[in-house]
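Look at the two complexes coming up: subunit A is in both, with subunit B in one and subunit C in the other.
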Partner chain A sequence: MTEGKKALLVMGCPEVPVQMSIAVYLAQKLRKAGYDVTVAGTDAAVKLLRVADFDSYYVQKTVDLDQIIPEIVEKKIDFDLCFAFMHSDAGMTYGATFSAISRAKLYAVVFGKNAEELAKTIDYPAEKIVAKATHNPTPLKNKIDRVIL
Partner chain B sequence: MSCVEQLKYKLYLERTSFKDARDYIEKNSEEVYYVDPGYKIFKDYYVIGVPPVAMGVRGKEMLFTYVKPCHGTFVMGIDSEEEILRLRENESEKIKKSLKKGGPKKKEGSAPSSYDDLWKK
Partner chain C sequence: MTEGKKALLVMGCPEVPVQMSIAVYLAQKLRKAGYDVTVAGTDAAVKLLRVADFDSYYVQKTVDLDQIIPEIVEKKIDFDLCFAFMHSDAGMTYGATFSAISRAKLYAVVFGKNAEELAKTIDYPAEKIVAKATHNPTPLKNKIDRVIL
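Up next, the complex of A and B:
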């Protein structure tokens, strides 16, 4: 049962197109499975999402990345699942931070040109979902479908 | 934007990897402390990082990593006796390295001193 369970999606820099597509897909998929979904991201990433989904049809809750971290550290909120999107060292570093501060089961969603190399640098507890995808979201979607739900 | 960016700071490394930033702090600090991700400094900045997260002390300056999702990791230095004292009091048991022989390396090049200077580059 997933009723009442909470999932967090953490978007990094939105420069790689597949991130937004997969974030919306995953949010919808988790919501249909009964999860209360929150999508965190950089200011630009959240704006991209809010403009496209202006009726909040796919994503109901968004929060700034810099706002959610203090709330988790101060134990005001936490999640059951956390999906950290990453295509760069900075994204990997944010993933490590969520691994350390949250009790959520962490999924590292690794994509971009250097996905495989980047995935090797992840040495914290996380289930890795890795696909060398930049413009075409299908390889990453297929990997997600194999792992989740 | 964190209040860290409103403070008077120096940048010693820009847009690098977290590992390189940690190495810089370890090699260029008189004292090195290790904190967990989420350690709070300067009232509202919660440190982002891969454990162990190094925090350095060099004179009155505290060296730390600052991660921006679209720009990578920076090594920042801010003069703060208060933060250094808090680090020494709370994290003393986590010290793994101390002053390197011969003291810290000389600073490389001129460091930007404001947030605006950083983005002009």
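Up next, the complex of A and C:
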């Protein structure tokens, strides 16, 4: 049973196009599996999602990263699962942050042209979902479909 | 009355993140205004859209650019409106192509960091919708909202 369980998706800077497609896809997949899903992101990432999903058909809850991090630190909120999207050194720090502050089971979703090298640098407990995807979402979608049924 | 009228959206290479968000937003806006909407794009652009809009809630018809161009040339299909998204020199050729082959009223949606310079190079009849947006979709969305009520 996943009813009542909470999942957080964390989007970094939206410069690699696959991030938003996969985040929306994964959010819906988790919701259909019974999770209460929140998508956090940088200001631009959240705006891109809100314009694309204008009717909130796929994603009902979005929140700014700068808002959710203190709330987790202060134990006002926490999640059962956390998927951190990363494609750059800067993005890698989000995974480390959520690993440190949240009790959620952490999934590191690593993509972009340096995905494999970046994934090797993850030194905190996380299930890694890694694909070299930048413009074509299919490799990353297939990896996600293997982890989340 | 726009009932029965057809609109085509043309997406180029998806490297600038605002393209997909704005294309999905505009597609829905045109559909709500009564247009039969088709979204054409490169293979990666269409895949990104299909993964993000997995239930076809916002976009019902997608087609590969390489398929639709010959169909318009051979007069098997045509549109009343055509919105060509462009953010690079390569993308600018799509606008010129659709200007040449289609009888549709053409809108050149020009974005990315060189949007203003690119827009000046358009030398075919087109209504220009221009915003420097790359990661933040709001400037381009606002321009579109002024053109399409």
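To be clear about the criterion, the second predicted complex is superposed on the first by the 149 of 149 C-alpha atoms of A that agree within 3 Å, B and C clash if a C-alpha of one lies under 4 Å from a C-alpha of the other, contacts with A are read in each partner's own complex, and residues count from 1 in each chain.
Note that in this section a residue touches a chain if its C-beta (ideal position, glycine included) is under 8 Å from a C-beta of that chain, and two chains touch if they have at least 3 such contacts.
Quantities reported herein were computed from a predicted structural model and do not represent experimental measurements.
Enquirer: For A:Asn114, is the partner it touches subunit B (first), subunit C (second), both, or none of the two (neither)?
Expert: neither
Enquirer: Per the contact definition in the header, classify A:Tyr57: touching subunit B only (first), subunit C only (second), both, or neither.
Expert: A:Tyr57 contacts subunit C only, not subunit B.
Enquirer: Quick check on the superposed pair: does A:Ala90 touch subunit B, subunit C, both, or neither? Answer first, second, both or neither.
Expert: first
Enquirer: Examine A:Tyr124 and indicate which partner it touches, taking first as subunit B and second as subunit C; both and neither are also allowed.
Expert: First partner only.
Enquirer: Mind working out whether A:Leu65 is in touch with subunit B, subunit C, both or neither, as first, second, both or neither?
Expert: The answer is first: A:Leu65 touches subunit B but not subunit C.
Enquirer: Once the structures are superposed on A, label A:Gly12 by its partner contacts, choosing first (subunit B), second (subunit C), both or neither.
Expert: Once the two structures are laid over each other on A, A:Gly12 reaches subunit B alone.
Enquirer: Once the two structures are fitted together, what part of subunit A is touched by subunit B and by subunit C alike?
Expert: Shared contact residues on subunit A (touching subunit B in one complex, subunit C in the other): 13, 15, 44.
Enquirer: Which part of subunit B faces subunit A closely enough to touch in the complex?
Expert: That would be residues 1-2, 17-19, 36-38, 40, 44, 46, 48-51, 67-73 of subunit B.
Enquirer: In the complex formed with subunit A, which residues of subunit C make contact?
Expert: Residues 13-15, 17-18, 20-22, 24-25, 28, 43-45, 47-49, 51-55, 57-58, 135-138, 141.
Enquirer: Quick check on the complex: what are the subunit A residues that touch subunit B?
Expert: 12-13, 15, 42, 44, 65-66, 69-70, 72-73, 88-94, 96-97, 100-101, 123-124
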